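Chain naming follows the written order as A, B and C, and within any one chain the residues start at number 1.
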Amino acid sequence: MAGLGKFLVRRGLTFVPTLIGVTLIVFIIAYVIPANPVRAWAGGEKATKAAVELIKAEYHLNQPWYDQYLFLIKGLFTNSLLDPLNQVPVFTNIGNRFIVTFQLALFAFFFVVLMGLPLGIISAIKRNSITDMVLRILALVFISTPIYVMAYLFIWVFFIHWNLTTLAGIPPAPPHQITHIPVIDSIITLNWSNFVEQVQRFWLPGFTLGIAAAGVLMRFTRNSFLEAYSRDSTLFLKAKGVPKSRLYRHVLKNALVPVITILALQFGGLLAGTPITETIFNLPGIGLYALQSVMYLDFPALIGVTFLYAIVFVTANLIADILYALVDPRVRF
Amino acid sequence: MPEPLIEIKNLSVYFYTYAGIVKAIEDVSFDIYRGETLALVGETGCGKSVTSRAITRLIESPGRIVNGQVIYHKDDGSKVDLLTLSDEEIREIRGNEIAYIFQDPHSSLDPLYTIGYQVGEAMEVHGKVKNIKEGITKAVNVLREVMLPDPENRVKNYPHELSGGMKQRVVIGVGIANNPRLLIADEPTTALDVTVQAQILDLLNELKKKYNATVLLITHNLGVVAETAQRVVVMYAGKIVEIGTVDQVFHNPLHPYTAALLKAVPNPLGEIETLESIPGTVPNLITPPTGCRFHPRCPFATQTCRTEVPSLKEIEPNHFVACHRY
Amino acid sequence: MGNNTKEAYEEREEYEMSILDKISDKIIDGVALFINLIKRDWKKRNQSKIQEWKLMAYALNRSPPALLGLVIVIAYIILGIIGPYLASWPYDFFPVMYNSTSRLAAPGSNVFLNVTMVKNWHVIHYTTTVHYSIGSDLFGRDLLSVLLAGARTALVLDVFIILIGPTFGIILGLISGYHGGAIDEIIMRITDMFLAFPGLILAIALSAVLPGRIQNFLNYHPFAQTLVLKLFALEPRDVNNLGKLLAVFVALIIVWWPGYTRIARGSTLTERENLYVEAARAIGLSSRTIMFRHILPNIIGPILVMITMDFGNVILTEAGLSFLGLGAVPPIPDWGNLINQGAQYFPQAWWLVAFPGIVIVTVVLGWNLLGDGLRDILDPRTRRSMEFKVKKKSRTEGGESNA
């Protein structure tokens, strides 16, 4: 796997300009902002002049823009940049919240795969039938429904009517931590009661977050399956006398090559797509943190969050590339 | 009297597309005799491939076989119409008794499976081997038959690791794996380099001799026909215009289209004359010309040609033509 | 061959022309006539193109979901144009000022108002009764009227964002793909940066930052002010609320182009390898002509599908931002903002979530259904593999083309 190592290094290098660029964009947005954030950081209108000056000095706000930028980036890498709102290093804040977002994305991903793959395959196998038409429209409804409308509908059905979920607080992590993702730890340590608690709190937000992505995956799987089915190699398999089930196995394997790479990108998209879900379901994750940092003009936090999102994006792309090379013998690193 | 292996009777295949109903082939009838190599020739789009695929119902939507019979004479002497069989019955015949070789080896093989698996699979699905493992072991022998170098190691290769010629050998290997009674080779050399083409044709000829198989060879290359086939079926715009032995058709073409076709390429059995092109264009098959479909391009066309569809007539023994001039 | 076969008759199958086919034929003929007025001889030279359009329309007519989408989209556009005039109550009339029971009034309720207001420096008194067919919002406004007026807001944002963002993206993609080299590298690195940024977060940040500047700009440019007010069908005194609305507009344009650059560049790269581009270059056509007149028409198919579906996505994202409290604020009528109001009183004021929700879902679904149908029709491969059902057999003159 020497090829893989080289590939990772080469790809890693192309990330650098993207990461710099993304943080720079945020920084420019922050830099041109008309409102003076320092007063808000120092505690609002009542803040003393001395406190304001202290904060300005602490965040290099009196220095030229490039010095401010370097200060922010250096602070991120050494984790010495403090969130002015709670005086905790930004990446510590992000780390705590990322666990919640990651767990949310995991639940969503579970539903995406559970619904998107089989329904997409059924839709393709029964192409141009009534079943196919219904499933295609269903997928489009999933994509077309705003997440907040979906969320309130589900809250009404599953919380108010049937009370199948909890909507407040965050269940504690199981006592024995391995991966630091509570739901995975509770499975590994066979902590059944904690697992149930996690599921009760997270299944509905995950389901809500995942539904649009499930629609996208359904459509993608269907098209990919049909594309693979229409290839000459499928006709040759038929001419060989291969039974239907086996024929579909070949087609499915071919169809899954692009689907698997899409799955990696979708997981990245789920991680980045949480702001509205976390707001509605009151989950203290990255999305909520990002929203709050925009509302309170908390730029150190915003730069940190953006940096994280950019890392998520490039990592998802990288994983997609690696998976592609693993499932398709034609691709080499 | 030669024994027929397949009798195709009044076969019609239409494609129901958004632009109209494409009458890909209409009322096609001919026999394939046991042990012969029959060539099916004609221009691109005249319905050669559709005809060959319709034999085992390999027609995909929006195409449909709207009419006809394909009578298949089994080894035990019984006869069966392939178009009326159940899906499972026809599947047992495909690749087992009637096997195909397609034009483009680059797209015929599944890129995600090793070639050993794909050859072995052909035997496995017809119960010739117990499982795929035994299939792959036996695939070594099959690949040796088709003269793929170093078959013991090659079985583990993926298609993309092979050259075009080698891939076509694998495709042929898949075709002959079950020792079929009829091998349908659909332009087996078109997608290959000229130098490789001859090798593949030689291989086909040799295999045919060795197994005494029947071959339906589809091609637009008249040189290939002269070299390999005993009889020829000429198609034009979805209809058969002439059937005869290679000798009859090449030396005494009866249909004006066959004659024109032979003049348009260096006649493989005659001396080289000046080449002529056929005036006009291939008709669109949504609204084919009435009467004889060749009449808009035919120098001898008369009023009858425009209104009446000519039927196949036997002019000399085993030499049929569909033309109003005879 | 037509001349030769006139005498012949034969029985043949053909597809039934439905009423829709006849209508679509008429529309396409009309469009062709119209283009002919602008460009002389256009119709004569593009017969086969017109024929192709008609055939595509037949395929569309046989896809019920796509037709449903088309109907919804047309309804949305018409409502977007005339919606504000259909509303029975003006969007800036707040009944809650005269009778507090009109706040969050339930569907079907009637509220009596004793109105005292100042108009043109006169104090006016009158009484009236408001009938809330589908409820009211926090300000006692008739939900149906606000929804109708909000159609204009949605349509104007939708159309202008799609006109500007994707166009910009496609042009960049064409340039990048056609020229290659350093230009390509620079454009694509910048595009990647914007793609690496979650669109929603960028839009949120921008719509939080931009309003002040846009408001300033509008205050100094009265012409722009009037234009924007007219476009959104707003009253002049709402001018100070425009900043936030337009901030969303600018934010979404900035978010919306990179995807198109990627796609356009990819297709341009493959298209550039074709011989006709080589030939066009050989006869000395300018790069601009080659890019826009020769390459663009060949890559536009999938992009058109994407644009159609993005008409829906823009509505979704815009409403999402309004839901988060960014973007349009009352009194500007906006679907997403209504849900934002309703969210705080859910499930008591369920109608504030339900009805705007249904409207948004319907419109977005309409665009998506249409886009999905177009995908099948514009892709030659799926179009060819579409199977048509034969409806009737008829005796017609053989050889005469019906296709």
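Quick notes on this one:
What we mean here is this: contacts are C-beta pairs under 8 Å (C-beta built on N, C-alpha and C of every residue); 3 or more make two chains touch, one makes a residue touch a chain.
Note that the structure is a prediction, hence the values are computed from the model and not measured.
Chain centroids computed from C-alpha atoms place C closest to the centre of all protein C-alpha atoms shown. Farthest from chain C, judged by the mean position of CA atoms in each chain, is B.
We define each chain's centre as the mean of its Cα atoms; on that basis chain A and chain C are separated by 28 Å. With each centre defined as the average position of its C-alpha atoms, the distance from chain A to chain B rounds to 53 Å.
The residues of chain C that reach two or more other chains are 385, 387, listed in rising order. Shared interface positions of chain B, i.e. residues touching 2 or more other chains, are given as 60-61. The multi-chain contact residues of chain A, meaning those touching 2 or more other chains, are 128.
Across the interface of their complex, chain B is touched by residues 128, 231-233, 235-244, 246, 250, 253-254, 257, 327-330 of chain A. Those residues of chain C that touch chain B in the shared complex are 1, 4-5, 7-8, 10, 13-15, 55-56, 58-59, 383-390, 398-403. On chain B, the positions that touch chain C within their shared complex are 16-21, 60-62, 283, 286-287, 289-291, 295-296, 306-307. Interface residues of chain A facing chain C in the complex, by the touch rule stated above, are 17-18, 21-22, 25-26, 29-30, 32-35, 128, 133, 136-137, 140-141, 143-149, 152-153, 155-156, 160, 230, 272-273, 275-276, 279-280, 290-291, 294-295, 297, 302, 305-306, 309-310, 313-314.
Against chain A, the residues of chain B that register as touching in their complex are 56, 58, 60-61, 87-88, 91-96, 99-100, 102, 104, 107-113, 121-122, 125-126, 158, 160, 171, 174.
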